[in-house]
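Consider the two complexes below, in which chain A is the common component and chain B and chain C are the respective partners.
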Partner chain A sequence: MSASAAPTLTPSLDSVRFATHLSQRSYLPAWWLETKKAAWNQFNALPMPSRTDETWRFSSLSSLDISGFELPEDASQHIPNLSDFPHAAEIIYSNRQLVARSAVPADLVAQGVIFAPLDEALTKHGDLVKKYFQKLPANLGSEKFVALNTAFTGTGSLLYVPKGVEITSPFVVQHTLSGANKAAFPHTIVILEDNAKATLVEFFVSADKSRHLASGVNDLHAGPGAQLTYVGAQNWSADTLAFQTNSIVAERDAKVLSLNVHLGGRQARHESHSRLLGPGAHSEMLALTVATGDHEFDQRTLQTHVSPNTTSNLLYKNALLDTAKTIFSGLIIVEPDAQKTDAYQKNRNLILSDDAEAHSLPGLEIQANDVRCSHGSTSSRIEPEQEFYLQARGIKPEAAKQMLIFAFFEEVLNKLENEALHKSLSTLIESKFKK
Partner chain B sequence: MSDTTTLPPTDETTDVNPVGGIDQAVGDFQYKVDYEFDAGTGLSEETVRYISSVKKEAPWILEFRLKALKTFLDKPMPTHWATTDLNNIDFSKIRYYLSQGQKPKRTWDEVPDDIKKTFERLGIPEQERKFLAGVEAQFDSEAAYSNIKDIVSKQGVIFCNSTEALREHPEIFKKFFGKVIPTGDNKFSALNSAVFSGGSFIYVPPGVKVAQPLQAYFRINAENFGQFERTLIIADEGSEVVYMEGCTAPKFSTSTLHSAVVELVALKGAKIQYITVQNWANNVFNLVTKRGVAHEDAEIKWIDCNIGSRLTMKYPGVVLKGKRARGEVISIALANDGQHQDTGAKMIHAADDTTSVIVAKSISVGQGRSTYRGQVHIPKHLKGCKNNTECDALLINSNSRTDTYPAITVRGDTHSVQHEASVSKVNEEQIFYMQQRGLTEAQAMSLAVNGFVNDLVRQFPMEYSVELKRLIDLEMEGSVG
Partner chain C sequence: MSSLEIRDLVVALTATPDKPIVKGLNLTIKTGEVHAIMGPNGTGKSTLSKAIAGHPDYQIISGDVILDGKSILEMEPDERARAGLFLAFQYPSEIPGVSIANFLRAAVQARMAEGEELDATGYYKKLYGKMDMLKIDRKFTSRSVNEGFSGGEKKRCEILQMAMLEPSFSLMDETDSGLDIDALKIVAEGVNAMRGDKLGVLLITHYQRLLDYIVPDFVHVMYDGRIVKSGDKSLALELEAKGYDWVKTELAAV
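And then the complex of A and B:
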């Protein structure tokens, strides 16, 4: 490809690289290329987060170094297999190359289900993508990195499920990075029409220990009465700077469950914004983080209740080891019309080391009175009595500790209906402790 | 001094929604007074020099003030996190220092009848009423004041105003003055440091337990209504003191900005309890910095109640500096139409086995907005720290608003920190039950709201809790239907 032909000593995502990226995509719809150009300009115009940005309170800012990264051109030899549970179809990217794709079952295709890589979706279903692409952005502080994603995204997927189609078997998307200073910009769009039901599981992994940059963005849309389950699990290398920004929309009577599992990354920021647009809408926002080393996990959430009679429930659990640092900053907004809102938010930090640091900022902004809202935050260690109990039954201290950590996570994983998926995620989390 | 008339309330305050037929602006009357010392409007180095010279201060205080002025001017408004309503403060239109020089002589008869009625409804004791009406000149209350003063001074307690303290006891106060809350802590503490006048200075010697609460209104000086008062309380080892500052009724508000600094120092094993009932008129920006340092085994408790003002920003804090120190903040806020009560607490743990407790309850009525903002900080290398925070908000009307913004930092695996907040409206079944028993909806609502804060109000001294209940009744009238 042309970009690799130019000898660049300091690889970077500059204007030249952007122009090349754009020219390689001339076959895509004009609106898409315009959107990318606008995003590139926005990325350059927006400042880096600063000390006075409330949305970046407690975050490390000096380490947000996005220079010196490049877009990978060749797929990795090693691609971890993470989808060891029954699934409907799978799309696997490695270093921006579509390396594997399983066909969507014929009966689902017949019903109008679309599960396609982003480029194909733009070519064949451009209007559908256009209708939902970043129409309701998360706006939780990472606008600059979202703009960078839009400018360079080429990998990603569209899952579209028409009215009334219910699919229990999950769809899987995997993004893999390998090689030094490589960057990934995945964008996922899930659209569930009225009363549809589907699950999308997305993995973000590094295949080696190199320095990586990732900025992922999701648009998750559940139409009236739809049931959407989204699981995003990241296990980036210990030298990855990662951003992930999710926008969740639930229309009337829609139910959305999102679970984010954070295992890797030197500094990983995750933003998730749920908008409850129609009466009866519900959003279940879950997250599990295993923070090790000197890594920083920065999670920002927003539950916006726009319509009356909407509910949301957030449970974010962090286990902190070594000198790790976590930040949870959540907000529930109940708009003036959203009477009869029922909203909860809970952040629990299990601090397992004397040098780990947990920040918790659970917030509420309530502008309607007939509501039930509460939040809670706890930061504490493992109960010594529980450890003692297990040890008294002959379980070694280290094993007892691990059991209690897994038990801590189990409350969240139990909310998944799919048992095979539950087991697979448990195994993934356990692997983090086996290093 | 000669020309004393009652001015009608300003237009701004008459717009405020009348509650229960009583226009809240009723308290915003003022007397026309010729001041002997007047620093004029606006803030400059001249203003600061003028204040300092009138007070015949030592050079180090002037220097302190001038440095603070520079800090104030350099610091931006904290609107990146605070409300943009702050931008409506016009610092050039504020009078930073006024003093009659001599004490005003006024009698109870001069107080307008409607004000008297308000006091009556609130059930405020006559002694206090006189003070609150601004008629309590020094000689009027000399007896009561002297009584307290005699008792405490026999124990070696120093209880005087800031000017006097800095002049006569610099050896005690200079050591702690501005140490708990440094000038540059925030823009408004810097402003206070530049133009402060009035406020209490208290020193309690080791082991002395002051039996009666010391009350701000027994301390009489010409600057009673100073908007930039500065209070410093030092409780020496093993001593105990309770301090109450009250404006338990509608207050004079000749200005739109009140910015106080209150510093508490509880040395080893000492206990300080500081009680505030704030009821400024609805055109006052009340931006107050309050913080205490608790040394080993010491205890500081803030009881902070905010009912008045247009915007209050106040987060009483405790720095838990010594082992086993304990800090507590009990906060009650009531925000009615046109009001924003942005209150909370700050707990900075700086030693092992320290404990902090925050209990905050807020009530939003009409379009009122109440905000809890809190910080709990447990830095590294500490062991066995505990914090428990509870925030409950009650929303009365469909357009009432409440926010909660806590920030909790915990480092290490031997601590236990819990934060819980809830938002709800008044229980309809309770209201229905009470109405069944013959109460009007408004009475039922008042009772329910009083019930909501009852467990906190009980911690107040008797007369304050009675007044607070009546104040809530008054605020709740007209809020339903």
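And then the complex of A and C:
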């Protein structure tokens, strides 16, 4: 009998690694380093989600394995180009390295627009970051993984648009991972001042099939009258454990549209919390998921209406194939002062396989009396008459099915003003079907 | 010349195979010919056309449908369409989220060889040409297939598809119903423009009026799942004058 092999040294995100991470960033503001230390402690203090957590109902817990991951040090050779639509500027990370960055147009710079990688933003605009960084966290169950993000984040961006500046061309941030057991912790902050308008599109992708871990967090802040559009599209590898947490804040008369596209990941958890803080604020919360294989997509949302005359509209659409599983759990809270609230929440599941599993947990908590709220979830299948109609025109069954899946998504994609972006996202979604 | 042969066809609902709707129907259509079928409501005209197109609700109990000497019964609906069959539906489906342009492009693309690229400019040129011919507003290309279309718009859209896909045999199920008189003329002109030795048509209709515009070579009367009388276009006039009771009494007399 041979002696048992020495235990393999698995890399991991331990205290030693954290200390190194911190020491490499000693040039950053002290408050930031303190925030990171506190987050690291919080990460260690918080338990892993357990069966008794209501916020993890129906989620697979044993697969939430975050051991054995490491922070990549070298950029990948292969960086997919996803921003094939006209854009104002872009920041591209590969394996946590800033590999490309286009200059912000001079006229925007002159107007005070800032679009900078996170570390640079901390150095040059530290106060701005400090004012908004996780001031109103989502708090929907992933606090431990958000803390891990804060502890290790170094990639990400700040988009700041001053009062009255309207920009139609989107800003793009891309995060790419490659190589086995690599992890990414992007953090993005978007701040629009009064009546500003801007769009930020963020891509999260694996450049290979390796096992990856990602925990992304963002703070989206729309000041009075601002119009903020955020698109987060992930196409992680089929062996990725991914968390994405959105905090959305809309002040008086602000309009926020957020769209999360989920294509990849073995297990992908997405949390999104909209807070409607000022009268007239609106949040449009959208998501599209193509759930394939035996993957799990776990979505937790909250629409908090704080002020009167606020509106929110949530539409999450999931297409389920194979033995995939989706969980949608959404809550609308209308606080006592938020009279004349209009809040809607819809989860629509398109079931394409008998073995797929869609869970839906819609919820309402209304503390005001003059409100209009509705929530609902539906599961449907492809309409046989529609399928036959397409086939009767010679379209092959697979293509017909795909067209009907896209038709199902169109209602969501149509809400994007930007045609080129719409088209680009369609192409990205299509790539998921090209095996 | 091609031919579509319907031989002793018996069709039932898949759910109730023991209750045939089409009860032994024979008809041969050659390219270059226009056949009209008339018959009372519920006699099995749509059942016949959908069964030929391969609709899964209908089961062929016996008989055969032969396209150029080859049975199509083992073919999937999409294969039948690519082999040259076209069904203009009596009630076309609405497909929200699929634009006419994308839908037709997919249908055209499905007919091309693997790896062959669609020439987008040529495609749009052809599409707009056909739309102009059928007096369909070009804005319709970005609208979802049949969604919110008026009855007449749906029928015109069926003809547009037929014009784009150039089938060798077209089964047109009450394409005239729901059309106003101007639209009827436009559609008839469209069909007449396609007429020729490359196209055979089976025209299902209740109205002799259509046959003034699309003059058939043959008229058949369908009754209780069978063709009970055939003739030339004068048969349609006779039917119009005498009604189906006339056919019934004639049948009873046999």
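We take it that the second predicted complex is superposed on the first by the 427 of 435 C-alpha atoms of A that agree within 3 Å, B and C clash if a C-alpha of one lies under 4 Å from a C-alpha of the other, contacts with A are read in each partner's own complex, and residues count from 1 in each chain.
By our rule, a contact is a pair of C-beta atoms (placed from the backbone, for glycine too) under 8 Å apart; a residue touches a chain by one contact, two chains touch by 3 or more.
Note that this is a predicted model, so its numbers are computed, not measured.
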{"item": "Touching partner for A:385 - first (chain B), second (chain C), both, neither", "value": "second"}
{"item": "First, second, both or neither for A:336, with chain B first and chain C second", "value": "first"}
{"item": "Partner chain in contact with A:361 - chain B first, chain C second, else both or neither", "value": "first"}
{"item": "Partner touching more residues of chain A, whether chain B or chain C", "value": "B"}
{"item": "Chain B versus chain C as contact partner of A:47, first or second or both or neither", "value": "neither"}
{"item": "First (chain B), second (chain C), both or neither touched by A:371", "value": "first"}
{"item": "In the complex, chain C residues that touch chain A", "value": "53-56, 76-78, 81-82, 87, 89, 92-98, 102-104, 106-107, 110-111, 144-145, 161, 165"}
{"item": "Residues of chain B touching chain A in the complex", "value": "80-81, 364, 380-381, 393, 395-425"}
{"item": "Complex interface listing, chain A residues touching chain B", "value": "52-54, 57-58, 336, 339, 349, 351-381"}
{"item": "Chain C contact footprint on chain A (complex, rising order)", "value": "383-386, 388-397, 399-400, 403-404, 406-411"}
